[in-house]
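Order of writing sets the labels: A, B and C. Residues in every chain begin at 1.
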Amino acid sequence: MVDKTHPKLDERIEPGNWTDGLDMPMSLMDQIPEDPASLADLANRSVVSGKQFSREQAIQLCRLAAKFETTQTMGQFPLTGKILISAFYEPSTRTRLSFESVWHRLGGDVISITDPSTTGVAKGESLHDVAEMMSHYGDVVVLRDSNEEAIYEMLDVLRIPIINAGNGTDEHPTQALADIYAIAKWRPEFLMDNPPADKKIRICVIGVPGRMRTVRSLLSFLALFSPAIKEVVIICNADQPFSKGQKEELEEAGLKLRVTADLDAQLPDTDVVYINAIAWVGDSYEELGTEYRLNDSSPLKDGSIILHPLARGEELATDLDNTEHNWYFAQARGAVYVRMAIMTSLVRF
Amino acid sequence: MVDKTHPKLDERIEPGNWTDGLDMPMSLMDQIPEDPASLADLANRSVVSGKQFSREQAIQLCRLAAKFETTQTMGQFPLTGKILISAFYEPSTRTRLSFESVWHRLGGDVISITDPSTTGVAKGESLHDVAEMMSHYGDVVVLRDSNEEAIYEMLDVLRIPIINAGNGTDEHPTQALADIYAIAKWRPEFLMDNPPADKKIRICVIGVPGRMRTVRSLLSFLALFSPAIKEVVIICNADQPFSKGQKEELEEAGLKLRVTADLDAQLPDTDVVYINAIAWVGDSYEELGTEYRLNDSSPLKDGSIILHPLARGEELATDLDNTEHNWYFAQARGAVYVRMAIMTSLVRF
Amino acid sequence: MVDKTHPKLDERIEPGNWTDGLDMPMSLMDQIPEDPASLADLANRSVVSGKQFSREQAIQLCRLAAKFETTQTMGQFPLTGKILISAFYEPSTRTRLSFESVWHRLGGDVISITDPSTTGVAKGESLHDVAEMMSHYGDVVVLRDSNEEAIYEMLDVLRIPIINAGNGTDEHPTQALADIYAIAKWRPEFLMDNPPADKKIRICVIGVPGRMRTVRSLLSFLALFSPAIKEVVIICNADQPFSKGQKEELEEAGLKLRVTADLDAQLPDTDVVYINAIAWVGDSYEELGTEYRLNDSSPLKDGSIILHPLARGEELATDLDNTEHNWYFAQARGAVYVRMAIMTSLVRF
């Protein structure tokens, strides 16, 4: 028998219950001057890699995201009559629903591919022909594909913008921008050219930069904000954490990188801990770094925050959910607004 | 070769062909005074169990459903900009399309989960994390899950209302309210505090109350309308038709219950026959009571009606479709308007 | 490592890049006088077979399609508040997305069935009951089903229009109308009662008319335009290319038909080549005529065009994509506008 008493059933859900933290995006907006010109340059472009973005674009996208986050009710629907093609050739619920929700909140409509086995591609249709078709049917494509080259093949012929929602082990740029936005909400000085020395941060990234798309894209964005970063510490025990040239490129962009296998030794001096245990490989995934776990007993620095792109497994204990370190839920919430900022910048008339 | 002559191909479909019976919802509206206060109390609440509703709420939801049923064309779209998360972890087409259609008719947008095998839950994500995610992506969740506890787990953390569209063998409250609405359209006195003695009805329910969610929820609602019910006769040959405490609770609420295995002996004195042969169990279903069948030769009372939540199997013969007893199509039609009534009561601004 | 340089990433996509050929639909509109009366007769009708359409209706649908194709931005959304039930019991991405895109562009909402295995039909529900349900949930049904009789069964009880998006090996009328529109854009004289002798065309159809639904529907439409057609040459090596009575019926309607197995011998004198290698049979498909291939070395007549309903396999080489013969991409683009013309003609208020 089901116990049908649940406190939530006698409770009215008031929006006020969950808008804690609106002061943070508010403060972000106050501290960053608006600069529409840098976003105008994104109009009708595709979003494939974290490397495409300039520092100013990333900052202005965070500012625009904050603007959306502090807008309770949309007074207009800028994407009315526009169609998103939500093409998830690698199954996903979280990311797919995120993009579809964002598009709808902006007033647009969505057509979806959720089951790759029923598509023409499964029957041998070329990606060029698929891209040709999509150019007729929609205004933007969001693509997730376990083949990292697929998005580049589609770019050859697409006549509408495409957004990379994860291409194999390569990149996932909109997720990474959501990570940046989460850090910026917590500490707006992160976006400054000359942040005060006591506001510079140490970031631990648990994961393998050469094999995890979320980590690869995140590092590209972090490189834009080197002035605010003391050091990025990669926590992993892989022999070759980086792909060819990756480390050199990041260091050239100004990022201080260090690799270590010992997580707990770093935590007391770390301001931002980024953790993620799943790396997609082909149609399946491998878990990397399952020996690294965070829980309420981890020696976390006071005031430090944890980020996780979710969904989480056992690497991140739920006993952290109600602590000050839980910034991953704010990060997930922010991802919606970051994608609203990207979408409205891309689609112009 | 296909025979391509079909009378429908030479026929224009006129709305007038299928609005028979609008006088019934009209009459329902005339007989029930409007009481917006009782529905205001549903704002921003979840709908999990038939037991949550007061008699007055059930009556007013029927009245509001009648109002929608008699409105040919919506002049406004109250859910514009609102997003429904249609989460069917147990596959369903009829119920899913019903909710999605309703939400669209009210002006809202929908994001859907139709294939549970591609979700994070299948990969081990907790329902708490799923609910956290959904709170960011939508305004209402409709959930069907073969695990009856799932909806209660999601309630723990959800910050938007959730509607139970079937949780295992437990409940399916919106279907049950559609059953009540079907009875009320046929006989508005059913909703009265003191119906005339000759308008009181005997109801036969073919099914197992302890193992069928539609039956369980229906009985909860029927208990609210005991003044209009002579008796509810449960037709089944199960040893233990009720779950623990179920019978006692219903009788305490005023319902007269009797169990018998002989359907045909009851029919000549029965006003409403409710039949349903499928009980969902886990990922599959079992057929209960397949020995009970209704057809045009069944000794049905003149003027009596048959209800069935559909889809039907062999328990309900199609030779009844064109008889006065066919109230199951009107019931299916009414389910749309009942869900419109529920949705607009839940979502306030 | 992914090579992240791609010329498209530095390029803004301007609508002007891909509106080549707008002069053709413009010219089509100029040459055909508008005749709303013939389309008014389509209101609230179902579209099941190519044989349903009169010559004047086909012409006016092409004209209306041209009107949509030359309208850059819709100023109004005629299907606001209307719901399309997109029911693909035989999996399809291209056709499904096409219809869903069209419906959205016209302002309507869509509810979809993409996975037949989860439906009531899979559990034994009758098509009559499904049609009864759909009449409550939507305003138009688009059906693809590998059972060619399914759409006729649904017609028995549906109270909303249904559109055949492919029924087994039988018909696919909206695709065929898109083929006609593609020819008419290329040569508007095709639609004339008395085209000049030098504008009459020879058409090669590579395929088996008796077993391919796209071919069957196309031939029905071509029969309406016999005055502009010198000859239709069927290229196939099947013993019985036609189904019973098919050839006789087409010839009676005025079409000159010839069958030959030698493609290359025909090409130098052919104005329109229609090629399609896939025939759906049950849940799977067979490839027909894989020995017939078109590529840049085929002896194609100067100025002749190739049509293909897509998705393509090896029968149509990509080295033709950048030649004057590639009319299949224009055809695919036009299919969107043809379906907009059909939808707006069907749904009236």
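Methods note: a residue touches a chain if its C-beta (ideal position, glycine included) is under 8 Å from a C-beta of that chain, and two chains touch if they have at least 3 such contacts.
What you are looking at is a predicted structure, and each value in this text was computed from that prediction instead of being measured.
Student: Taking chains as nodes and touches as edges, what kind of graph is this: line, ring, star, complete or other?
Tutor: Here the contact pattern is complete, since every chain touches every other one.
Student: Taking all residue numbers used at the subunit A/subunit C interface, answer same if over half belong to both copies and different if under half do.
Tutor: Different: when the shared numbers are divided by all numbers used, the fraction is under half.
Student: Could you tell me the distance, in whole angstrom, between the mean C-alpha positions of subunit A and subunit C?
Tutor: Those two chain centres are 41 Å apart.
Student: For subunit A, write out the residues touching at least two other chains, lowest number first.
Tutor: 109, 112, 114-115
Student: Over in the complex, which subunit B residues touch subunit A? Could you list them?
Tutor: Within the complex, subunit B touches subunit A at residues 43-46, 48-49, 51-52, 81, 83, 85, 109, 111-115, 117-120, 123-126, 128-129, 132-133, 135-138, 148-149, 152, 155-156, 158-161, 167, 170-171, 243-245, 349.
Student: Spell out the residues on subunit A that touch subunit B in their complex, using ranges where they run on.
Tutor: Those in contact with subunit B are residues 1-4, 6, 8-9, 12-14, 17-18, 73-74, 77, 91-94, 97-98, 100-101, 104-105, 107, 109-110, 112, 114-115, 310-313, 318, 329, 332-333, 335-336.
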